[in-house]
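Structures for review follow.
Common to both upcoming complexes is subunit A, partnered first by subunit B, then by subunit C.
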Partner chain A sequence: MSSAAEPAGPPFRGRLRVPSWVGVVPFFVYVAAFLILPTAIVVGGAFAGTHGPSLTNISALTQPYILDSFLHSVVLSASSAVIGAVVGAVLAYAVASGAPNGVIRRVVTSACGVLSQFGGVTLAFAFIATLGGAGFITLWLQEHGVNIYANGVWLYQLSGLILVYTYFQIPLMVIVFLPALDGIRPQWREATSNLGGTSWHYWRHIAGPLLLPAFLGCLLLLFANSFSAYATAAALINQGGLIVPLQISNALSSEVGLAQANLASSLALAMVVIVVVVTALYSWLQSRTARWVR
Partner chain B sequence: MTALVTQTDAAARSESRASVEVRLEDLRRQYGSVHALDGLNLTIGAGELVALLGPSGCGKTTALRLVAGLEDADGGRVVIGGRDVTLLPANRRDAGMVFQAYSLFPHMTARQNVAFGLRMRKVASRERLRRAGEMLELVGLAAQSDRYAHQLSGGQQQRVALARALAIRPSVLLLDEPLSALDAKVRSQLRDEIRRVQLEVGTTTLFVTHDQEEALAIADRVGVMRAGRLEQLAPPTTVYTQPATAFVAEFVGLTNRLSGVVRGGAVEVRGVRIPLIAAGGADGPAVALVRPEAVSLSAATDTATGPLLGTVIALAFLGASSRVTVDLGDAVVLVQIPTADAVAYPAGTRVRVALRLDPVLITRDDATVTP
Partner chain C sequence: MNRRRHRRLQLFRTIVLVVLGIFFLVPIGAMVEFSTRGVGINSPRTLSSFTSIFSYPDLTGAIVASLELAAITSAAMLLLLLPTMVWVRLRVPRMVRVIEVLCLAPLTIPAIVLVVGLAPLYQWININLSDSILTLGFAYLILVLPYAYRSLDAGLSGVDVRTLSEAARSLGAGWATVVSRIIVPNMSSAVLNACLLSVAVVLGEFTIANLLNFENLQVAIATIGRANAGVSIAVAVASLLFVFVLLLALSFVSRSGSRRRRVRVGVT
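== the complex of A and B ==
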């Protein structure tokens, strides 16, 4: 400890020694309470039977109606991710080519920030009001001789969910893909043409390889985003169990009891496994991009 | 490092590589209401290095981009080796370009970067890697061939960029402030290196910079630009000793503005008659532009020097020479003299000031031109 005779130094040094890890304690408590603990419960539930540990719930996953919901979930997530990624990337490219601090860019990025979080009952209602059986676009088109529901009302089926999900997937793609596009320098295109390359060469040899990892990474992020989405589907679709999150909700709210709660756990565990795989791929791709663009 | 190839050597080589003349004829380019280029005329001789020098925003980059084909001219022609290329797209112009910074493809090694132009020209893989290796050797980076851009220093990246631009054996080499993102030490080293390489390959070169020292050091001829036009095009020494206009005099090197009177082909400044660079012009009041090294100092007691007395107000050490700021009472002059002499005049010293009779330029507009 410093002596009193010493001239005034930094007042707190040496007196209030707070270990640096103290600052992250709240974070770890939070992670423990809302990530590690629930995961443990899910894992525990998935392997719990009426009389001790069991694989009943895991093998229950192979029932046809559950496999169907996994298939639907994957199809929904993959198609909304692909549509969202492609359309979002084109939109992001248009934004990135404009002035860096231009009005268009500011408007688009803030709109995307809001829209990418738009979901649940509000989003479902918006679509019902415009594209539902009595939605104003539906009716307007009918007046002009176009019946979009000639083969049944698809809005409340898987294809409807795909359409509704792209509504938040596209803006999400714009937000997560813009930084990658901003990392592309205009000199690279100019250098390519000075060196004799065409636009095709530029995309084939420069922009393509540089953007591909980021694009695929964003695609995976979008996949995970819609894979775990629940509220929008729940608000739009009454028929239970079309996709896995609805299936879990079913299992939890049905009156059969404990066995079903454990089925919900095993469903959740399967989802966790899929999301973990996707996330691992995502971070691997991110690290590849980070290697060049910094 | 500075193993300079002799001029004759370079000339011999450049003949074998057939350097070509590059002409910019009355080039015009407008952005909105800004005339970035306002009728630029410039002929670069085969194998010559011309430095375009001028303040920021005077149109240097625009000129370079028009030659490269990265920007379209609103008027005028670009002629490379007798061929009018004004309407050719950039990828068919044969212009090698070195940008200010960050132009290397980040996902390719130095060698792959250098080989890229040859790949576009469908040169076989083995041959292009061999030639890329040769070019990297030329710029002294053979050992770093397999590094990525982020593993190279700023100066090394610019060397690779130079090798990449030269690998395609361009008709013209274009450099847009290639040194401005580097530290002072690396900058002067790389400047000499660029000149050495340019002399060795003999490529006709346009080098853009806003740094007058750089331009004077590297170029065969310096073109001083102002507001989209060429103010003077001449060898470095001429630009410095015989500036064509007041703008050139003040932009290239330091000048003192001393008021005087033009009378009978000379300007009288404080009792000293100084000859004019350009004869002519009516008699009357004028401002003489006098270089700091054309002013000398001696002790106040040394009456033989002349009548002009002043007080030293600052002394700046620049290395071999020093800059002394002297207050004449109604004006301040900068004086550049050898450091060995300058130490005799610390701040506060009374000194006698003499003007050397080197021909000077005069100006009659009183607006100060700030570079």
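== the complex of A and C ==
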């Protein structure tokens, strides 16, 4: 049936038929030049030695200060992801249980859209204005006799970064978790109470197991998100290589030469491997959710 | 019992929205407070930080550059992505998945990783083509691909591309006419959505510009912040408001767009 329709084509076709691959050439050339080539440069740089390929740059990753930065990155990403996922899920539930087209929902989702994307430098300055040495909250608490920095200025350290990162992790969680919550039908809750179940039964046996894969998936996405964030940390912490992205930027902007550029490549490769593994797990969990959402 | 649960739910929602509202609004409020501070301890509020934005030529240059980049990136995104997506749907459907994977790839490749590979490339571009900050548009187009793709994909799936383009082609329209005068007007809210998301991404971009030594809006904010926090926080407030209004407008536009479409379907 289709074989009869396809090769014949419309009878009025007058002009020369362009081969079908021509239309995708500009896109592929562009993506090859600015996405695939840079990625290849990173991979190539990670395995480049002074004389042909080598593993020197990869083994350079085991230096203590680099391992420390990986440890810090993992701690930062894991804690901000867990806090962001839990608080974000609660906020998403508060939004989802309201009117589907209400003002609250529209304002919250568009605010979350901005806050999850626009983090970066603005966010660092927002927290400097709030909790920095001359920040609003810091001064206000000082007037009331509380010094939040009695044990050192933690805003510019790892614990400060965790707090600052939750500011974009929570909105991101709301955005990615809301579709799963919207997929929960109110009828299931009614059915549970019709059968004599309590709220606890409903969450433990119906909503909980259904939402768990989605929740874990979003948790992984949040982990990858904060693992690859650079701007906020760079604007907040001027020096040193506390986390991996800062190490990469140090290595990249150092004037020492090729060895540092190759170290940047191997750091970047290690980072992308971690992010890709985490994201792959996320999309696997997401596809499990997709089976019942909508 | 049901009413009690309902009341408990309302209480829970109010508490959550108020507490998190405070958490999210306080830093923004603190930025406004900080940027309107006077010089002395008890001096009155002043907008001098906002007005002195224009006395920093570097800053105004960076603002203009970022706005230009936002416009260039959005236009280039539409020119490159939309015809490709339409073409693939019509002529090479088996490539749809490949295009999707490529478009979504920048989500898994962090900007800080991409910039490591872009650095040698930009060295070459800056020597051989141009050293203008606008060359950043090449990299930014990659950054906006995932957001633009999702938005345009959603728009295209609501349009019967094949029938529309076959009808237009049989009436003698060329490919450019099909895309610009048939497809785009039928998915205008998705196109607008893709453009606004691109603008938001470009205006917020810091990583690539900073590490390739270009001074865009965010880099300028970070640099000036080290000398005069008030001014850079003022710029940050202004840009945050700008993007928020942009996205709020978008949510209203897309709502009215979908309502109009529903009405039209009802009429026919």
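List of remarks:
Assume the second predicted complex is superposed on the first by the 261 of 294 C-alpha atoms of A that agree within 3 Å, B and C clash if a C-alpha of one lies under 4 Å from a C-alpha of the other, contacts with A are read in each partner's own complex, and residues count from 1 in each chain.
Criterion: a contact is a pair of C-beta atoms (placed from the backbone, for glycine too) under 8 Å apart; a residue touches a chain by one contact, two chains touch by 3 or more.
If you're wondering where the values come from, they're calculated on a predicted model, not measured in any experiment.
Ranking subunit B and subunit C by residues of subunit A touched puts C first. In the superposition on chain A, no contact is made by A:V146 with either subunit B or subunit C.
Of the two partner chains placed by superposition, A:V273 touches none, neither subunit B nor subunit C.
Applying the stated contact rule after C-alpha superposition, one finds that A:R185 touches subunit B and leaves subunit C untouched. In the superposed model, A:L55 makes contact with neither subunit B nor subunit C.
In the superposed pair of complexes, A:L67 makes contact with neither subunit B nor subunit C.
Comparing which residues of subunit A touch subunit B with which touch subunit C, the overlap is empty. Looking at the complex, you find that subunit C touches subunit A at residues 5, 9, 12-13, 16-17, 20, 23-24, 26-31, 33-35, 80-81, 83-84, 87-88, 91-92, 95, 99, 102, 105-121, 138-139, 141-142, 166, 170, 200-201, 203-207, 210-211, 218-219, 221-222, 225-226, 229, 232-233, 236, 239-240, 243-244, 247-248, 250-251, 255.
Remark: subunit A residues 185, 187-188, 190-198, 201, 205-206, 209-210, 292-294 touch subunit B in the complex.
If you check the complex, the residues on subunit B that touch subunit A are 68-70, 89-93, 95-97, 99, 102-103, 105-107, 116-117, 119-121, 148, 150, 164-165, 168. Those residues of subunit A lying in contact with subunit C across their complex are 10, 12, 20-21, 23-24, 26-27, 30-31, 33-35, 37-42, 45, 87, 90-91, 93-94, 97-98, 101, 104, 106-111, 113-115, 117-130, 132, 134-137, 167, 170-171, 199, 224, 227-231, 234-235, 238, 245, 248-249, 252-253, 261, 264-265, 268-269, 271-272, 275-276, 279.
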